[in-house]
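In order of appearance the chains are A, B, C, D and E, and numbering begins at 1 in each one.
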């Protein structure tokens, strides 16, 4: 820590968080280096979205610290963007204006048309250019999710936080957009946190997978994904190894939760 | 049709639907027999949710007919239940009351406590018994989705319409709930329509997969899934065959849409 | 707030009159403006119609008016509560109310136990009604006093049978007569020389602007004389101002004509009577002003 | 690819066979006209049948001739005076009420400290305070503007408070996450979210403001439509005074229609009223 | 499994270190008290400094002694009379206004036909119609109840219309899909969704109703708090008449607090006002 390197993209130290009396996150610590692509997986309701909100500066930990690029994140600051689980599109803004939302705040130097041009470019990337003038309520679920993705991509954030961003998409659209995310990560210094419930997505996209336990959640497993090239004869075996390991841990956790539920009932 | 058999669970004949000037669904016809488990797949925004809404009697086709058990469906009638893509939970009702919602209308013969008991039973099935007294805004995305599932299961419908019901769930929870759906379908005379973007989910659960084309959508492919038992040596090959076929069609459709978008832009 | 009376280089004074008085009682002002009598006296008169004596007092206090036309009992009550208002003259010499009641009622005594309409609780109309009851041989409590609000609502209430009797002023009396109500008596026959409406202003305005206010009073009394002398023109002015029919205007004029105050002088006995009634029937426990504290005749024509 | 070879539909398909009829499509325009016409006919008939004493109430035809009478007089300058009082008062009510309501609705300690005060002021009958209005704002236009502003500001504040409190926190959070400052948050999230409440507030304020003009001119006036109504009412010129009232009513309905048109543009994103 | 072996946290963790202070936790209770106290002190000081003519306005201490005077008189029976007028009028306003507003908000042709009429009636100054009220409802309690009902019903109707129109169609659709009939739809979806608008409506109606009681008793009354206020006002008993006004104001603030408590229970599902 005392060394004169760039600070880690994210540093979570001994973080605890509760909603009222219920402890959701219990003394979690981990670090994400600049340029890393981290997937967060865990049983439904374990606290993944909550953790993401703390990285975004929206929620504050009860104890412990969350640092982004060495500083306490506060809303609106820094070069971050989030894809929300519930999309959170402004119903009163057109699709185009929704995508331009982040640009308005983060790039006040640009003119209105410049911002619209950038927004349009990203709408094209998510395949929604022809819906630019419509309102969110006129879009299907998957289309809304893509607007949320375009909005986050458009600000070209150094840190991209994504909460189940492909959940409502068909396989092909998801594929195309995963490529977009890959392209983003290949640029210098971009870090990505992806919350997902899809093990394959996590393994194929990310360089590291963090598995959270059932609430109050801790870190159950931390897997550095090092796969050989897809053509390699070892690829399938390694992939399966990772997958089996994560799968069994995840199953344990879900079973713990369900068992606890049964006792509660 | 003139024969004295039970009418098909669903009969869609030559149905067209538009929102304003935009035609979404273009002369679609198909039938679902009683006891069938049909998956609907198609590119994002092609009209799957719209088609489901017509089966639920919420939307009326512009031309053509949709019949459910031989009759025009109207809201509230018949033994149907829907799992909505956007969950559509009442924010002002507790989780338990949300689950009991359908029972209140469909089973007025039951007392309040009887309904609560049934609702509780289904909440247990989806692993949320301990959240019964909370409000939806206190739940994570996946938890809300499970409440939506429990609400639909609780009325034990003869026709279950599900719009991407496992999209926000972790793999294990989805697994458990898919088993619930299986259990439901094994009962006499239950039919299920599942909208999904997950090919594997479609192939593993359903007896038939309908692939919709990009909008204005028609039926691109209609696959009757006949897989041997999982232990059979032929299983993997047959599975892959189906998967490849659907995948390639789906890719075509998504590409068509994206190409059209590029031209529009 | 305003800046008091302003005079231009020719000595013309602009005077703002706040008035809660309308109709035939106000005719001398209306006619004086119409006939240029105020102009002749170098007074540029601007009239603002206001709701009640309370607003008149407020307007004088805040300097938004220079003189007010208000109800006598209101000026008494304001003084009792610390206002420094002086009565400087009157508009009418005698009360204009006529008691109307259902057919068959011959005297106030017949109204025992009946509903008598008054403008408001503790208002001058209520005091007069109570005094009337006592004067006509009843006890104060023998009548039920029902506040109905504005004079027009009294007519409405009487005609629609909500109350059994009310003191009406012209031209409402003719409408009541048309609807079968009968005149029982005229207040001025029972209470002669009770001045119903007065001009009032503050002591400080009197000392600062005595010449201008004097010119105003002179113009008013001259107008009153003109009104008495020119019946047909006066009726026409009243008809236009009050937006009533020619017949109603004529009847109202004829009723009021004897009481237009051509001297502006307030009857001391009448004023004393008002103070007495305020003490007996009013809703105040404060010390009431004496006639001397209340009345300042120094602005009247002919006074030094 | 087969999709591109699909035949286009022969005719643009519509929701219901044949599409909505002429009446359906123009109903928004004609329905109120028809309703008003029916009401007027019944009103006139009842009047002719002697359902009320003509001293207190008038038939539409009498009101119409009262209106013609009014147009002979200084109607336009009366309306100009009253209109000015109304416009300035509303400007103050909205200009002060909207920010105050939004601040009270979004800042907890302000809300806790001042909500009871707002309620208290709101339920103070302004009628009993008219002498104070005269003292503070004079007999001129000032006291009438104050009257309009005081009467109209409370529905605005109270509706805005409730509207702000109803704003979806997920949207606020998203905007903040993308870097919206406090002002941008109001502009891009709170205010649009509050629009339905704001529209209601404006509608309520317009009605109140109209009434306040009349009431204000009752307190003290030399001209204005309220003053005219008052003098006709006191003289039992029923047709004429009801004509004055109708003029006010028609004007405020027109203003509200304008507001509704503005609303349609402001809230194009909202689903329209359901069938 | 490791998860079950995890040590429990030593102390229940809280949002902020140390938790909210005493003041933070009780602020909802004390903030208005402190604000009112500060206002009273400033008010008294200004009065003693001669900021206004005591003829038109009074200091809190004068109002207090006016209040003591009032309690000597028939204050309680006055309040009982006025309370009855208020309660019955509000009952009518809510009982009629809520269903009418909900119907107008959800049925398009009704809305189109009657919305302008509602606006028209709402902007009719009731003051100019007092003769009619007297004729129709008499000088007794009837005209005051009518006054309260008429003044209070419009905020209710207008807020309910807007509330119904704002209801999330996805929720309506879900309830209908699960078999909700028209009534159940109102009960389970529309009404809860409208609650914030309803609460606003009730608050507005209470304020209006209170004022209507006073105004109504100005017109015609022999007792009641409005009657008392008026007779003190006419006699320039400023301390006493302001005490009467304050009584009304305090009562309506109390009623509104009760409404707010009811709101908290009705809308437990809503996130509370943000910091």
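Criterion: a contact is a pair of C-beta atoms (placed from the backbone, for glycine too) under 8 Å apart; a residue touches a chain by one contact, two chains touch by 3 or more.
Quick caveat, the model's predicted, so the values are computed rather than measured.
Asks: Which chains does chain B share as contact partners with chain D?
Replies: A, E
Asks: So which chain is the furthest away from chain B, centre to centre on CA atoms?
Replies: C
Asks: Report the inter-chain centroid distance for chain C and chain D in whole angstrom, where each centroid is the mean of the CA atoms.
Replies: Here the centre of chain D sits 39 Å away from the centre of chain C.
Asks: What is the distance, in whole Å, between the centres of chain A and chain E, each centre taken as the mean of its C-alpha atoms?
Replies: 46
Asks: Using CA atom averages as chain centres, what separation in Å is found between chain D and chain E?
Replies: 20
Asks: Provide the list of chain C residues touching at least two other chains, using ranges where the numbers run on.
Replies: 54, 57-58, 61, 152, 156, 160 - these are the residues of chain C that touch more than one other chain.
Asks: Indicate the residues of chain E shared as contacts by at least two other chains.
Replies: Touching at least two other chains: 53, 56, 131, 135, 218, 230, 233, 270-271.
Asks: Please output the residue numbers of chain A that touch at least 2 other chains, ranges allowed.
Replies: Within chain A, residues 86, 253 contact more than one other chain.
Asks: Mind pulling up the chain B residues that touch chain A in the complex?
Replies: 19, 41-45, 48-49, 85-86, 120, 123-124, 127-130, 138-143, 146, 163-164, 167-174, 176, 197-199, 247, 250-251, 253-255, 257-258, 260-262, 264-265
Asks: Considering the complex alone, what residue numbers of chain E touch chain D?
Replies: 27-28, 31-32, 34-36, 39, 52-53, 56-57, 105-109, 111-117, 119-120, 122-129, 131-132, 135, 154-155, 158-159, 162-163, 165-166, 169, 172, 196-197, 199-200, 203-204, 206-207, 210-211, 214-215, 218, 226, 229-230, 233, 241, 245, 248-250, 252-253, 256-257, 270-271, 273-275
Asks: Contact residues on chain D for chain A in the complex?
Replies: Interface residues on the chain D side: 170-171, 173-181, 184, 188-189, 192-193, 195, 267-271.
Asks: For chain B, which residues count as touching chain E in their complex?
Replies: 53, 56-58, 75-77, 80-82, 84, 86, 88, 90-93, 101-102, 104-106, 135-137, 151, 155
Asks: List the residues on chain E that touch chain C in their complex, please.
Replies: 53-56, 130-131, 134-135, 138-139, 218-222, 227-228, 230-238
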